[in-house]
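Lettered A, B, C, D, E and F in written order, each chain numbered from 1.
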Amino acid sequence: MTKIEAYIRTHLLEAVHHALDELHVHGMTVIDVRGMGSSKGVHHLYRGSEYTLTLTPRLKLEIVVNDDQVEEVVEAIRKASYTGEVGDGKILTVSLGQVVRIRTGEKGEGAL
Amino acid sequence: MNPNVVPTRRRPASILIVPFCALAAIGPSLASAQGTAPAAPPAISAADSVWLAVSTALVLLMTPALALFYGGMVRRKNVLSTMMHSFALMGTVSIIWLLLTYSLAFGKSSGFIGSLEFALGNGISMKASYPHTAMTVPAGLFMLFQMMFAIITPALISGAIAERMKFGGYLLFTSLWAILVYAPVACWVWNPDGWLYKKGVLDFAGGTVVHLASGVSALAACIVLGKRKALEQHEPVLPNNITTTLLGAGLLWFGWIGFNAGSALAMNDIAVSAFLSTHVAAAAGMLGWMLCEKLRYGRATALGGASGLVAGLVGITPAAGFVTPLSGILIGLIAGVLCCLAIGLKHKLKFDDALDVVGVHGVGGAAGAVLTAILADATVNSAVDASLKSNGGRGGLIMWQIIGVLTVAAFAFVATLILMKITQAIVGVRTTNDEETQGLDLTLHGEAGYNL
Amino acid sequence: MNPNVVPTRRRPASILIVPFCALAAIGPSLASAQGTAPAAPPAISAADSVWLAVSTALVLLMTPALALFYGGMVRRKNVLSTMMHSFALMGTVSIIWLLLTYSLAFGKSSGFIGSLEFALGNGISMKASYPHTAMTVPAGLFMLFQMMFAIITPALISGAIAERMKFGGYLLFTSLWAILVYAPVACWVWNPDGWLYKKGVLDFAGGTVVHLASGVSALAACIVLGKRKALEQHEPVLPNNITTTLLGAGLLWFGWIGFNAGSALAMNDIAVSAFLSTHVAAAAGMLGWMLCEKLRYGRATALGGASGLVAGLVGITPAAGFVTPLSGILIGLIAGVLCCLAIGLKHKLKFDDALDVVGVHGVGGAAGAVLTAILADATVNSAVDASLKSNGGRGGLIMWQIIGVLTVAAFAFVATLILMKITQAIVGVRTTNDEETQGLDLTLHGEAGYNL
Amino acid sequence: MNPNVVPTRRRPASILIVPFCALAAIGPSLASAQGTAPAAPPAISAADSVWLAVSTALVLLMTPALALFYGGMVRRKNVLSTMMHSFALMGTVSIIWLLLTYSLAFGKSSGFIGSLEFALGNGISMKASYPHTAMTVPAGLFMLFQMMFAIITPALISGAIAERMKFGGYLLFTSLWAILVYAPVACWVWNPDGWLYKKGVLDFAGGTVVHLASGVSALAACIVLGKRKALEQHEPVLPNNITTTLLGAGLLWFGWIGFNAGSALAMNDIAVSAFLSTHVAAAAGMLGWMLCEKLRYGRATALGGASGLVAGLVGITPAAGFVTPLSGILIGLIAGVLCCLAIGLKHKLKFDDALDVVGVHGVGGAAGAVLTAILADATVNSAVDASLKSNGGRGGLIMWQIIGVLTVAAFAFVATLILMKITQAIVGVRTTNDEETQGLDLTLHGEAGYNL
Amino acid sequence: MTKIEAYIRTHLLEAVHHALDELHVHGMTVIDVRGMGSSKGVHHLYRGSEYTLTLTPRLKLEIVVNDDQVEEVVEAIRKASYTGEVGDGKILTVSLGQVVRIRTGEKGEGAL
Amino acid sequence: MTKIEAYIRTHLLEAVHHALDELHVHGMTVIDVRGMGSSKGVHHLYRGSEYTLTLTPRLKLEIVVNDDQVEEVVEAIRKASYTGEVGDGKILTVSLGQVVRIRTGEKGEGAL
């Protein structure tokens, strides 16, 4: 089993969600994060004090899939979260030890 | 036609009904004397002035209240830009009103637009009353009271264009609107020389001038502006903070007392009637909307309750000083239910009225104006009697009231289309897609509403 | 006993003390004439009417303020349902009061409940004053002022049943309570025919009618309702937004000026005394509570300060127009400290009074009522003199005041138990475990307070 | 010099201009009689009393409003401690004022500090007016009105010392300041025996007493306290909730009507002028600041708009009842732009004035005082005429006004330095690094503002 | 060393916390997340616009333990966060490279 | 490729940020979390009810780096987030399967 993690732009969640649906991937966890990378960051202005916050709002997605699905899911996420502008983000894969479904106690593939 | 018998929302306060203070002080004799000799303006009453000053402060508070009411309903990334839409007009319109539009609205007039007699604040006395109608309050105070109405009316429109309008374009458009739409309409309906006023059209506190005009203009404005991207992409658009909206609704209710009861321009039985009918209409409006939701969706919401009380207040605005308390309940109830249904129109007709200005202020304002003609009661306010007479009875009054609604609606709609187009040509009206997705707070103002 | 010498919270405003405006206007002669011939109702005073209208608006604002005060203290998942508990009563009780309960409270009475003379709003004049006591304000305005008290009193109870009561059950229970508990108690204490009123029981602005009645009813209600699951499971229950609670407290202080000083029903020395003692009592209450916290827990909290100022205001409510400023400080201080300690009772006695209505309004209201009897000063308000006389001195007054407290408490407690049981039988009172864990906002109203 | 011809902000309300109510009631004859025989104090006016009572309530609301205005601007971990800084003074200063400082400010005086004649609230009548100047309102009400000014002035200072001051130290310092700085300054400028008052220095509603004094003291206080660690480490310091600040600004605008128009101490032409000039100054201040931001940073912000309207209100405070509406616009505009630039000083001069009290209230207050002398208009308020005469013309008035500014500034600055040092010695003023990093809400008060 | 990650219902945090105490596991990090899976999601109603948000509030727990503890901890979490209703969530294990305790610089087991 | 995860004190973000800059590491994602461990937790007092919240605010940092950089980055984070007081936190490393840059589709080292 593998966990796919993706850092994406906040407003592209719907698009990724849609792309996953088409692959019949229905399980996902979303986390509000702040990220920095190649992009410049955002300017804030409060009573004349200007701040450039390099950390800008992003979403982190975590999707546990069977290993055979990894390729297509990664590709689907990439397409759906692509804009071509600096700041699009990254997709990572982490291989998991075990996966347990709390409700049933099923392990491994059955847990999804 | 002799202006002294023209029914007005103003005269009851000053002539037909003698202010208490005068009564207490000078006794019935002079009082009735006043009634018969309006030529001699009634003395300024300190008590009436205090009431109008307080009412002015209450209406002043309504614009920040509106900022909260609207601000809570947008997405968090646009909360400040939405609140700015209301606050900024407290700056621009206040100045414009003092320098120009008060005169255009209340200066000596041919019936369509006022003269420049009060332009730059000239000839507005802090001691003597407004010269063209009998009042017991200083002209300067009357001007201030009316200023607050002039501020909140264009601010109401901002709900329709929320989350996607350029700030510069908004300031230009609302300034033009304040001069070219609000001033004329106020002149028609409230200036003693106004053509609708002379027809005996009844609008106690602004159902036509404030709510109908802003509601219809909201429709025109959001048509020109187009839909938010989020709607096209069927993203959920969730209100960022409904507690803020509830606070705004509470403050609006509070301020509306000044808006309606203050429109008696004196502390007298008309003011008390207006206070009472206004309050119960708000109550009934809340219940009406919540009932409508319960029946349609199986649950009553807090946002619905807040919307309903505002709808009830919108509905009662033109009627406040003319109807009985029971009629007030009825009007509020109808407005609450009607607006709850009317906000569905935008989905059918596919215009993006972000915060339902059309459904609440347009529909509610129109309904209120017509219900006023139907329910106005001469025993509550003798002006109704005069208005019925001058219109040859109830039928005539209703007809003229409807004509008033249609003319104002048509004028406001067309004028707004034109002004939006002009603004579009000069500074532009629509923000970029990028600004819209990132949110207007950061992109237009460089701020985040919350850093929690 | 001749009603004209019955001590009342109302008479000082109208007879014993002649309104300023009348004075200024008509001069001492007629003034004293009024004093000696109460048969002829005093003229309506515009200034007194303005003061009462403003006070009414201020008290109107207290219910939204209460919504904020309570709303900030619950968990985020219940913020809207809690705020709705206050807002919704602005809808229901306003209508009920106009149609029915005003008459039950203030209509001609045998001493226990009013007649239906004012039912459906009949016979409530917008021009003339309330017929059964001498007042200088129109009856319609007096009715509106009293309406605001009728709204906030059941809303106060909602703090005790927060986070676990069905919305339908809440609406039914509070409506029944407004009719069957509030109206009778208001009649006993404030109706000129009321049996406690005739005994000279002193309750300037509602220590017994408003705070004691709601506080005791809160106890009965939360006993019937039972504890929140979170408490049983010892989960921490953290207030979602104390800034909202502070805002609510600030608005409550502001509105309470109308509540207490407005209860003079005129602008005179009684009103000024009430304003002053109310303000310093709030101040002392805040300091008292914070001091108590500092000593017990080593730190003073913002929530404690907000609670303390409310406790001080509760304590001074029955006393406001009867005591000196220094007594005001004393009452506030005692109320602040006492309530700070009293809120611990619920842990000992194991009832789940979510937002401490019993500890603050029950205990504070009772303490205030007794302190009023002890500290009431004839030099501040000649009504005290009359009350002392008719009760054969201070001891008698204190005894009758305690009798008043006990009767009202017993009645409110038993009646509330019964009404909650009835509600339980008809629509149910307690939400499901699932609704409670998910939060009432989403499960009952389909909304989230914050989408930040 | 005969006090009866001393120009005052108070006399116009009572003698030079006859209250409307009196006019309406007693007619010109007696009116002019009053004008010529100030010896006999004018009758108490119910209408004037209502206006002052309402104004008092409005100013009362300004301190919670300030708590919101400031609370929204600090970091979320300090929101409650910042709000407490305002709320707590509603407790302490209210009591101190009644018991001591009212007498020190307004008791019979040698010109520098008042006697103890009113100490412990003695001799403050609820019926008769303040003995040392002619007024048409009861002394108790005047004392309450002034109390609200005494509360908010030290609260203004709290913006400068936010996020790093011990709570105990804050309470001690502000109490000392209320007694040893506010009372004397109020005596100099507003006590009919005050030495600056006798020089005809014009301060209608507190430009010098309230804003300049607090602004300069803020500078001294934050110098003693030192910089926040976050600033030294160049961490971004982001306002936690600008919607809260906007709400605060809206309520401040609302309350300021009472602050300025209420300072006429009667409902008359002066009050109306003050209301009007105050409102347009706030409007112009908002526009001025936003314009300044637009030009300097390319964007106008919501926080800037809120700051600008406050700056405009600060600027107009000393001038309100003395200038024409157009001058009001000018003063507001200047104040808005000037303060927008002035808040940059702290970066250059390296003092940590957290919420820009120096830049807004210090600079704005000083500018307002001088502009008052330049623009004060005898046609608006005959007191200006008297003041010009007694100072030998405009030049003299301006000179004396500047002397007033400099003396008050120097005194407030030095006295604050000393009081802060004393406080430091007794209980300490600065929180520990750990408290500062964890946030004062949790470490000093054991609360979190938000548990969302 | 292994990191155990669990997606659980928000109101069951106390229960899990308690279960971990009993195993003398005192280190944990909790993250507010939104998740979707088999459960239907929640209905929102704003002025007549109804939304079904498939992403519902959940908590993500991260617990670093020695490999020998993994089994018992996973089991303890499963029991404590079990309701039997759809939406209970998942438990994952990820094997870690190194673990460092910032305060002491200790590595591996000593870092806990 | 390796993902470095660190649980640190909220107010030390700036310091770590600075330390990473010096190593020319510009990519990072920050998550607001609540954590418990050896430290005692924080006391809350609401109307006489006292709670000790063992979960206190912390930040979780996620930094993807090339394997050769892991050591220096871990060390840099440790230094920058060190105070010596109980509660400083932990640093973990997780080895990744693949890493994809959404904007370009680059994989592996090129993705950073």
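The criterion applied here is as follows: contacts are C-beta pairs under 8 Å (C-beta built on N, C-alpha and C of every residue); 3 or more make two chains touch, one makes a residue touch a chain.
Everything numeric here is computed off the predicted structure, so don't read it as measured data.
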item	value
Graph separation of chain A and chain D (steps between touching chains)	1
Neighbouring chains shared between chain B and chain D, ordered by label	A, C
Pair joined by more contacting C-beta pairs (D-F or B-E)	B-E
Rounded Å distance, chain A centre to chain E centre (Cα mean)	18
Length of the line joining the C-alpha centres of chain C and chain E, rounded to whole Å	48
Centroid spacing, where centroids are CA-atom means, of chain A and chain C in whole angstrom	54
Residues of chain B touching at least two other chains	21-22, 25, 45-47, 50, 54, 238-239, 241, 247, 297, 299, 301, 303, 445-448, 450, 452
Where chain A touches two or more other chains at once, by residue number	31-32, 44-46, 50, 94
Pairwise touch network: line, ring, star, complete, or other	other
Interchain contacts (touch definition) - all pairs	A-B, A-D, A-E, A-F, B-C, B-D, B-E, C-D, C-E, C-F, D-F, E-F
Chain A residues within the chain F interface of the complex	2, 6-8, 31-38, 54-55, 58, 60, 70, 74, 77-78, 81-95
Chain D to chain A touching residues, read off their complex	73, 236-239, 293, 296-297, 299, 301, 303-304, 307, 340, 343-344, 356
Residue ranges of chain D in contact with chain F within the complex	233-235, 437-438, 442, 445-448
Partner chain C, residues of chain D touching it in the complex	21-22, 25-26, 43-47, 49-50, 53-54, 56-57, 60-61, 63-65, 67-68, 71, 79-81, 83-84, 87-88, 90-92, 94-95, 98, 120-121, 124, 126-127, 138, 140-141, 143-144, 147, 167, 241, 244, 247, 441, 444-452
Contact set on chain E toward chain F in their complex	1, 3, 17, 26-32, 62, 64, 94, 96-103, 105, 111
